[in-house]
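Questions regarding the structure given below will be posed in turn.
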Amino acid sequence: MNELKEECGIFGIFAHPEAAKMTYLGLFALQHRGQESAGITVSNGQRLFSHKQMGLVADIFDDQTLSNLYGETAIGHVRYSTAGGSRVENAQPLTVTCARGDLAVAHNGNLVNGEALRKELEAEGAIFQTTSDSEVFLHLLARSKKEKLEEALIEILKKVKGAYSLVFLTPNKLIGLRDSYGFRPMCLGRADFSYILASESCALDLVGGVLIREVEPGEMVIIDENGFRSMKITDQTDRRALCIFETIYLARPDSKLFGENMYLVRIEMGRQLAREHPAEADIVIPIPDSGIQAAMGYAKESGIPYHWGLVRNRYVGRTFISPTQAIRELGVQIKLNPIDDVLAGKRVVVVDDSIVRGTTCRKIIKMLRNAGASAVHLRVSSPPIQFPCFYGIDTPARKELLAATHTVEEIRKYMRVDSLGYLSILGLLDSMSKSGSEFCTACFDGNYPVEW
Amino acid sequence: MNELKEECGIFGIFAHPEAAKMTYLGLFALQHRGQESAGITVSNGQRLFSHKQMGLVADIFDDQTLSNLYGETAIGHVRYSTAGGSRVENAQPLTVTCARGDLAVAHNGNLVNGEALRKELEAEGAIFQTTSDSEVFLHLLARSKKEKLEEALIEILKKVKGAYSLVFLTPNKLIGLRDSYGFRPMCLGRADFSYILASESCALDLVGGVLIREVEPGEMVIIDENGFRSMKITDQTDRRALCIFETIYLARPDSKLFGENMYLVRIEMGRQLAREHPAEADIVIPIPDSGIQAAMGYAKESGIPYHWGLVRNRYVGRTFISPTQAIRELGVQIKLNPIDDVLAGKRVVVVDDSIVRGTTCRKIIKMLRNAGASAVHLRVSSPPIQFPCFYGIDTPARKELLAATHTVEEIRKYMRVDSLGYLSILGLLDSMSKSGSEFCTACFDGNYPVEW
Amino acid sequence: MNELKEECGIFGIFAHPEAAKMTYLGLFALQHRGQESAGITVSNGQRLFSHKQMGLVADIFDDQTLSNLYGETAIGHVRYSTAGGSRVENAQPLTVTCARGDLAVAHNGNLVNGEALRKELEAEGAIFQTTSDSEVFLHLLARSKKEKLEEALIEILKKVKGAYSLVFLTPNKLIGLRDSYGFRPMCLGRADFSYILASESCALDLVGGVLIREVEPGEMVIIDENGFRSMKITDQTDRRALCIFETIYLARPDSKLFGENMYLVRIEMGRQLAREHPAEADIVIPIPDSGIQAAMGYAKESGIPYHWGLVRNRYVGRTFISPTQAIRELGVQIKLNPIDDVLAGKRVVVVDDSIVRGTTCRKIIKMLRNAGASAVHLRVSSPPIQFPCFYGIDTPARKELLAATHTVEEIRKYMRVDSLGYLSILGLLDSMSKSGSEFCTACFDGNYPVEW
Amino acid sequence: MNELKEECGIFGIFAHPEAAKMTYLGLFALQHRGQESAGITVSNGQRLFSHKQMGLVADIFDDQTLSNLYGETAIGHVRYSTAGGSRVENAQPLTVTCARGDLAVAHNGNLVNGEALRKELEAEGAIFQTTSDSEVFLHLLARSKKEKLEEALIEILKKVKGAYSLVFLTPNKLIGLRDSYGFRPMCLGRADFSYILASESCALDLVGGVLIREVEPGEMVIIDENGFRSMKITDQTDRRALCIFETIYLARPDSKLFGENMYLVRIEMGRQLAREHPAEADIVIPIPDSGIQAAMGYAKESGIPYHWGLVRNRYVGRTFISPTQAIRELGVQIKLNPIDDVLAGKRVVVVDDSIVRGTTCRKIIKMLRNAGASAVHLRVSSPPIQFPCFYGIDTPARKELLAATHTVEEIRKYMRVDSLGYLSILGLLDSMSKSGSEFCTACFDGNYPVEW
């Protein structure tokens, strides 16, 4: 029942006869990364054409809209608003016509100096179409005197600070790039003879493609009629800062990211959690869907039987937008229903991936008690979240983060559980094969890689 | 990945200040029983008012439509077409004005003599509004000379043969009834001070209600300003014929039906399956979502570790209606994605709840092989389906049922699995606490309780 | 600025390869007869298919909906509600399936014993789909034991009292009929080799057809694969009662009805009005659009120059449905704007076709005064309306009819005009070539041909 | 049956409690000037908010959208595309946020150097949101260093060449201006205590306002909390070039423009036409609606009776967008229906306001012949159109203008009329009170006031 909002998903494909449909499928696989709006931009070799709307991928596009998007190269985007409000103008890809010709961009991440750059550009007479920081890239490019897009990009990225995985589309070129910290993921794949860029490898699977490798932090990938080239975009830093929440929760379990399979790494986090915080209990249950793998790992390590204690209504999206206040008050029951016959009289270990504000989790604990659980031990497969994210995840302000203002014991009391255990930062990092120093753990320790 | 279509779900509530909203929530909980259309009819004490549409409950109703449905008593219906085509006129509740006044009905089930009754009524000058058999009830009632609705119902039900759980609404009365075989479920509950009728107990949970008991086969329940009364509707039979597929697959795991919790009974079926058909393997995986509980039971009984080998895209409904032919060809990959890192080199037991035509299952087996499974053992938590259903489940014609025309060994070869095991009829019945003779097992053994 | 509501328009065509499109065009030409809803029903030789909706013809149908209406015979209807409320269920053609097969009807007129027949049928078990009287025809037909539709019609029409011009459609037959009084018009035409039935001849013009003749009062016209036949439907009466308001206002000026061209007969009414009520004035102006021809006739006869003193906003329909209360208060100014340069200092004869409640007319007179007219002489090309209509025109209750409760001099004072003249009943009847005894003049003299 | 497309209509109101509704009404009155899209932008004193859409004013706005447009100052626009394609992005008012704050503009006219300015701005890094020339004004303003909007406007207008009547809106200021040639009209009025700017005076009438005076060519009008100020915007020229087609056809007959009432001036053109080109005939008929006043004038001067020979279907807009090819072929009959009883055996003078391509007119002449007219004399109340317009009217290319490539006698033969007479340029100018040298007559004589 994770309350963190996914940020965005991006996809690009070069030279495929069904580019728009492939992009549609790629975005469908990335839908969990943003449910607010989606869009596709195609090139027919001369001009760019777009279709963007608020809503889910499957609702926005149909046969008609996809066949109107005629062309062999395309980029797409699913969005959850981080910076910039919730309105269709902010849907991406952002597309403009400027002296450089038609140009489109799809952006996953967040700039820490976006607002400052915008003010600067407006003072020089720039007119922004959106309230989204991503438009800054386009204005900087429109003003660059470098003729080649690659060179212009290298020039303008010197001014830009923050987290960005980007795909650019011109009438005859597809460019992908990832900031040198590597906050947000991006991978390179291939389907038939077409190169693909995507936020997660599950998007390659859906279109019948294969993963070649992840795009490196600080790498720019250029795909055009001459094939594939790679450039280093910047010499700013050697520090890596992969977002650790992608592995804990955001990425799909069938994706391979930062060299790991997400399903298996989360099982491992659950095992580690069981080692750090064992419990005397009869069953282990997850808070579905976010805590499932960690609960499975906990059960495997502890030997306590894994069960379903809560059933998730499959017709509810992660974020249920309820139509009435009356329903809103029913809150969690709409999403989750306890199975009394499983819970009654049992000592229960309940596992979730994280606690943000804690309000939802508290209601769930209450449901378990009402269903007859004789003891409830809460286990969380991430450390306490004490600091907000400025690199693309929509966390609340610091004072609303439960762990920023309460000790673990205070949280245990607030949750009314018999015991509470968070996975330690070291335990978390140990669950992964990559060195711990390559991750951004700012939300746990306040150690921000890029100043904001 | 069950291919059987749910039939319908019904809900009714008497004397609640937010009757339409409660019904909305009840239908939302019953959405899995029918995704084609939904409707709500309310009584304001004088007249009935309805809102019905093709689509999902959450899409059909909003604040506006619900507050227009002003009244304290309501019935609702979610539909998957069994008899009668797929068009909005057939959406239920069916509502008419006749000499008896306003009258509405919501029906779960299928009449075996529906067509014959319709012809007879038309010969007498009746004009039908729909192609749905459920309308027969209304015409029979409009023609009955019995003044009281209860008496008219008892009179007309003598002519009707087949499966029916029904709720009727008049301006000041709510009536529920269930045929004497009890094919389709219906339960009685209460929320605040209001009586509720619903297909499954999960609908009571969602509205904050409690289960009183199941409505008995052959029972008519009358709720009006004088409170609650029960009558026996018929003396046709003592035979019970509860639909066994409700327990295998149709009902939600958090529902209590026929005296059983669905989650636990399915775990038990998986255990029984493991006893009947053990396997040498490294992991047990379900075909999600339909095989999950049986796979968990199989793993528990066999000691083979339970894992996810296939990830289900949560943005796909049970029945994914793909917008283009191109996508349709991609078929199963849109719904399910294998996790190679889990499957590669492993001997896999894959568990599903049933096989109907077998085409989907065969594609999934192929995906597992492609992902590197070294052996695949298919286990099915129901017996082979050899006969079509005439009591409300949308099975294909007999010749399209794989097990009607193939031996188990032929099916094993067709599926290209190393071994195949179906749960036996006796094993299935043993998993449940009720006596086996109370169930309808016609789809397995052709023993039809009501002639058709 | 006539306040009377048109009733309905009907159209039917037999054996034309583009039957639905021809019907669409015919309805478009008849749009002035009803703007609330429209519908088309086609026969493909086996079954009937319909598309009906609230709104204007051009908004309801498009290429897609029309090509879905595949078949060579069709009927259509535009509706303004007279009996039965304003809801899409009441849109016509009404279509049912009964023992007789598929059957559709489109009705122009009003039954005086509709409610009584309905009650009678319901007592026998009939279930009505609509609140429209027109459905009575279908239930009577469904219950008739006569096998041939023509014979069943003759049988059932004995029970029906009131005004009706009707077209019936079965899978292979088109039938038109008109009550023996001939209240509402219907004509017979031909386009290419296809017979057509239509409310007015302007509908024949639009589809490139020619007028053969009017359908006679009391005549039934049967068109099928054997060609065209005519039968006398009833021997109830020899009295004719053509609706005189069709000639005064309702029918289009380019239609030929009751043997007259509507444009020329209205010019003649204006001439007669000038003879009966001359005036000393500088200009003659119409209240557009309803008074235009009478004003032209008045000007021709009197020699006073014809001018525009009020301009009608062409984007307003006859009945302007204003979106806000604020706009509703602006009232008449939205439809009509005075031309001060024409009116200032002039003695004005202003001509309209009728006065019903008089409220609108009074506002217009005030506008003319405000624009500087030095004298205003109101002339009305019909006699005072003193009695409501029960045969298909939506007049208000008697007490709301200005002329039912006020003398001409009282009306003159209320209108604040210098003089007021109504056309006399005899003068009106003299303007036409048919004998005056053939018309219904009940709205002027209370002489109702059919009891109600 | 004029084939020239109207260009645009603009409206602005300052400090009215119902600013959005007043603007809605103003646009409704100006609907004839553009039916492609419409929009309203309001200021709440701090920010600007807009609602724009393709379609007609009455379809785009409703209570909800208007009450969302909360604020006391507003501008609005109706559009027929001249430069820039037909898409919603081009709908006006155009609104941006730039360093200067929120800024909106609505434009009637056409720039002759719009494309060149756009290229220049793009070379400097500007990103255009639309393909409309009107956006040039906003980019020039965003780049101007003058702090006050009035001063910035005076500076940038030096660069702009062509026809423009403009209203600008900022959070606390309403500015109107008109190019120094005065091509397109704009007037100043007042309703209650609020100043209004509008393309035509009929918009003032609808909102219950009064005309103060026309905004002068070359005048800028500033309305803010300090009241009303006027400035001369430019010293480029003393030449006036009022668009003569506004008086011939474009403006509504109830508008007062260039000092004339449009209805009366068109009557006078008809009289002048009768003097220049008399005819031996029985009746004078207009091609409705465009030729009505000129036909009335012709009849008055010649003494030949004025009649309707063609009836216009009131449910067709000026430009009928037919839904199917089949209907498109029916062409003119959908809009106009001849009255045979009026035309048969008559010598007819038929009057229209202008001939552009001539194809529609030719079909109408044929209809008159088919209806039995024994002679047809065509009279046109404007001179032959030989040159395209570059100042805001959508004329076809020169080679498609019938009179550019044919003599009058050739046109007569092509039209198959017995005689043909065009009003002379001098006769046209004499019909008006203003000096002929103040008008642009480029479409007749190729004498273009501004080079293109």
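Letters A, B, C and D mark the chains in the order given here, with residues in each chain numbered from 1 onward.
Note that in this section contacts are C-beta pairs under 8 Å (C-beta built on N, C-alpha and C of every residue); 3 or more make two chains touch, one makes a residue touch a chain.
Note that this is a predicted model, so its numbers are computed, not measured.
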item	value
Touching both chain B and chain C (chains)	none
Separation of mean Cα positions, chain D and chain B [Å, integer]	63
Separation of chain A from chain D, taking each centre as the mean of its C-alpha atoms, in whole Å	52
Centroid distance [mean C-alpha coordinates] between chain D and chain C, Å	36
Two or more partner chains touched - positions in chain B	none
Listing of all chain pairs that touch each other, if any do	A-B, A-D, B-C, C-D
Footprint of chain D on chain A - complex, ascending	96-99, 122-129, 138-139, 142-143
Contacting residues of chain C [partner chain D, same complex]	18, 21, 25, 28-29, 31-32, 56-58, 61-63, 66, 202, 205-206, 208, 252-254, 256, 261, 263-264, 289, 293, 296, 300, 305-308, 311, 313-315, 317-318, 323-324, 326-327, 330, 333-334, 337-342
